[in-house]
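Naming follows writing order (A, B, C and D), and every chain is counted from residue 1.
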Amino acid sequence: MKKLINDVANVLAESLDGFAAAHADLVQLDEERKFIRRKSLKGGKVALISGGGSGHEPLHGGFVGHGMLDAACPGQVFTSPTPDQMIAAAEAVDQGAGVLFIVKNYEGDLMNFEMAKEMAGRDIETVITNDDVAVEDSLYTTGRRGVAGTLVVEKIVGAAAETGQDLQTLKSLGEKVNKRSRSMGIALTSCTVPAAGKPTFSLGDDEMEMGVGIHGEPGRRRVKLMPADAIAEEMIVAILADLEAAKSSPVLLFVNGFGGTPAMELYLMYHAAAGALARRGVKIARSLVGSYVTSLDMAGCSLTVTALDEEMISFWDAPVHTPGLRWGM
Amino acid sequence: MKPDLGRLLEGVAARIIAQAEELTALDSAIGDADHGLNMKRGFEAVLADKANILAKPLPEALKAIGMTLVMKVGGASGPLYGTLFLTLGKELPEDPTLADLARALTAAVEAIKARGKADFDNKTMLDVLGPVARHLGDGTATFASVRALAHQRAEATVPMKAIKGRASFLGERSIGHMDPGARSSELMITTLCDELEACA
Amino acid sequence: MKKLINDVANVLAESLDGFAAAHADLVQLDEERKFIRRKSLKGGKVALISGGGSGHEPLHGGFVGHGMLDAACPGQVFTSPTPDQMIAAAEAVDQGAGVLFIVKNYEGDLMNFEMAKEMAGRDIETVITNDDVAVEDSLYTTGRRGVAGTLVVEKIVGAAAETGQDLQTLKSLGEKVNKRSRSMGIALTSCTVPAAGKPTFSLGDDEMEMGVGIHGEPGRRRVKLMPADAIAEEMIVAILADLEAAKSSPVLLFVNGFGGTPAMELYLMYHAAAGALARRGVKIARSLVGSYVTSLDMAGCSLTVTALDEEMISFWDAPVHTPGLRWGM
Amino acid sequence: MKPDLGRLLEGVAARIIAQAEELTALDSAIGDADHGLNMKRGFEAVLADKANILAKPLPEALKAIGMTLVMKVGGASGPLYGTLFLTLGKELPEDPTLADLARALTAAVEAIKARGKADFDNKTMLDVLGPVARHLGDGTATFASVRALAHQRAEATVPMKAIKGRASFLGERSIGHMDPGARSSELMITTLCDELEACA
């Protein structure tokens, strides 16, 4: 394992401390490192709290700030945070207008946020994101994973929250954005969990994982390395098959790197994905390219397509000022 | 039976910590490679809190263990094992009989099912805990039979297709691997049997 | 080689096309892909042009836009652009107030920009960046490499150019920022040039390259993998030994990822580097953490320290709106 | 001598293209792994422009080759090899003698020195080009002797410590590797000798 770390036991703490110090103008880290919060809160606004296992930076801590989250709870690497973290975060940022949890659809996250909700004794609602089409959706299983589409939910709901929308309205908006967002990912290499010390899975030199999750979970199938155009084609086909709304709405195309993939390749994938959309008559209205929802050092990327409407476009365009995403201010 | 809770606790914790790498390796195959790390972190926290826990009567001690697991383990296993111990604490009297234990574990299994919205044969810890709870109540349980059952039920998760938990994302590809949570449940149960037998 | 590409021959073209499409609101790609320019130019302003080999994205194309560059010329991967590119770029963006070339100190870049200057028949000045302390500075050699400090020069000079400063003033400012910026890099893995198909250098599983450049050039020495704190310590010592001004000025600390290193590790390195500065009484006034000056997929990072003065701080803070760096607008 | 420029051009281009991987490998050791790619791109562009080049008288043809190299190669070698051919074009008459060639190459070497601010023994292409230019003028040159000298001078860059070019960043670690530009100069010169000898 080759990483820029000291002791594996301190990776999370030192990284959080560095993050908080580098962005001290925007965020504060709780003394026990249970949560990252906005430096200054906005009275009367619904508090948005997300969180999840660490290793996906800048998600979620990097999206704390004006126009997105009020707090984020970092779990251990790839492990959902514990209820005490969400309880403490809610205590710190609840302004009396209620709290909205944004939770990625993993059982660990669901249960820990649920226990926090039960124990916090506050007005709390939850939006669950499950945008990953690589996994079959079914009532009988855990269902689909929440992946990079979570950023889109946090951005759009975050912008709406700044305008003073109430808890129920924000929950509905979050559910709408989630329903209109679909993602799929591929990996060229595994990631390595620091404490595990070796790659989570092993791939041959000529292999890739199609439909991988953001924890290095194996995907739909293992295939021979494919050209970028063919990869994008398969991903876009899978995404559009499950996103009826994209037939009649302009879309956001979000190309997300997993941590070990450079910008040059992400832009090449954008080119490939945009071509696949254009061939199907889908119009791209907004774009985002970068490593925003990562899997430690995994090489690979995901594509997210969100079918936009006017409300969503205006909230997407609204000013945002966080360590990880910033525009308009 | 009047075993020493401190010894039981240390025994179970030591076993989980010692097998942490194996649990993580199982989780690498069909999950996200952290189950051993999670359980180790949880039981280290329990050990650190041992004096406090042992000062309490059994039901309160079990609740304290459950709360520590909830607040330290994280992931799916934290709330679930936390629920297990919290429910045992709620259901057990200070000086439980085998029948009390069977009833309490059955209640805990139901609580885990509710918390995780899962059922038997979903390829989870429930596939070990459920059968063991039933066996404890069927009047034939011995240390050896409980151990054998726990082991057999963990092995029985190998050919299952996961319906719940992270392994469910794998669909058919989850077949052929033991469920890490089933294995950690087996470890806890067999270690408990070992310790209780040694005191008996 | 595992990369998200199609044919190695088309990597650059497809990546540039994707970049231009994803940021069509801000930039335009020349039809022959000779340069990337701002979509709308500002009359009467000195035109800032940079460029260099590709593979360092977002440098330089990602820094075209308000408050930074007017145009950037992308060479082949790790190969300086050719004079016709700079001549065409100057033709496109020169507003009559002159052109400032910002060139990293590599002989290839120097000579190609110099030939462009000779052939363009315009009022052109050049700022050369050479912030890399891993290489000994000497009159008799090529001297030091220009690395991540180039971003700082482009940001500060770019902001000054927006205020209408003239060519000579901007050249002096660029030289000042360069003189007050020092960097050093380390690599945990080699990068792989797409057309070469295999890693440029090979490192053992327990080895790292101390003082690496941004082309995967071997560094000062190959050493056993070190803990993050020790790495940061050695880099900060080398940087401060060559940056007298940091004794009496607040600094910008810029932790730069090389493309294959995730944010979690960069923030951990920030923590380590900030500690090393604090122990020496150096005050951090501004911070930047991210993968901005990359080396394809190389794992590793560089630290840049810039000794700031009031003028530099106000230009650093000034609004910038480019694909790669954005704040204040 | 009245050799066919088309044949010379094709011979040199084919040789450089064929050896591109070797040049890149040399550049991997002490540079940035692109010298072969750069040279290949340049000579492919020259070949693509062949009809146009061959339509011109020798001096103009050489200038056209130089300009193509400048505009297509990039890196350090583009401006330098471009300067080489541009200078030869400026210095040579339409029908050059060996003495003309020696004088023109000497001028080109000076132009390369000026463009790259480098000198002999800096571990660059100059360490092949300079000695060959001198030898062409010393009255003893044969095809064999020129080839041998080019080869020997390229080899002689191995023990040098680089003072200029990317390899200079390596300091002492540049010692022990052949300079890629010296090798590409050797390849051009030896191929020219081969072709000229074959026509002679």
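Please note the rule applied: a residue touches a chain if its C-beta (ideal position, glycine included) is under 8 Å from a C-beta of that chain, and two chains touch if they have at least 3 such contacts.
The UniProt protein names, listed by chain, are A, C = Dihydroxyacetone kinase subunit DhaK; B, D = Dihydroxyacetone kinase subunit L.
In this text the structure is predicted, and so the values were computed from the model without any measurement.
Participant: Using mean C-alpha positions as chain centres, tell me how far chain A is from chain B in Å, no decimals.
Facilitator: 31
Participant: Could you tell me the distance, in whole angstrom, between the mean C-alpha positions of chain A and chain D?
Facilitator: 54
Participant: For chain A, what residues touch not just one other chain but two or more?
Facilitator: In chain A, no residue touches at least two other chains, as defined above.
Participant: If each chain is a node and each touching pair an edge, is that a line, ring, star, complete or other?
Facilitator: Topology of the interface graph: linear, an open chain of contacts.
Participant: Every pair of chains that touch: which are they?
Facilitator: A-B, A-C, C-D
Participant: Going by the contact rule set out above, which residues of chain B touch chain A in the complex?
Facilitator: 24, 28, 30-34, 37-38, 41, 70-80, 82, 115-116, 163-166, 168-171, 173
Participant: So in the complex, which bits of chain A are touching chain B?
Facilitator: 53, 75-84, 106-108, 111-112, 114-115, 134-136, 140-142, 145, 193, 195-196, 200-201, 213, 215-218
Participant: Using the touch definition up top, name the residues of chain A that touch chain C in the complex.
Facilitator: That would be residues 2-7, 11, 14-19, 21-23, 54-55, 57-58, 62, 188-189, 205, 208, 225, 227-229, 231, 255, 259-272, 274, 287-289, 291, 294, 296-297, 299-301, 326-329 of chain A.
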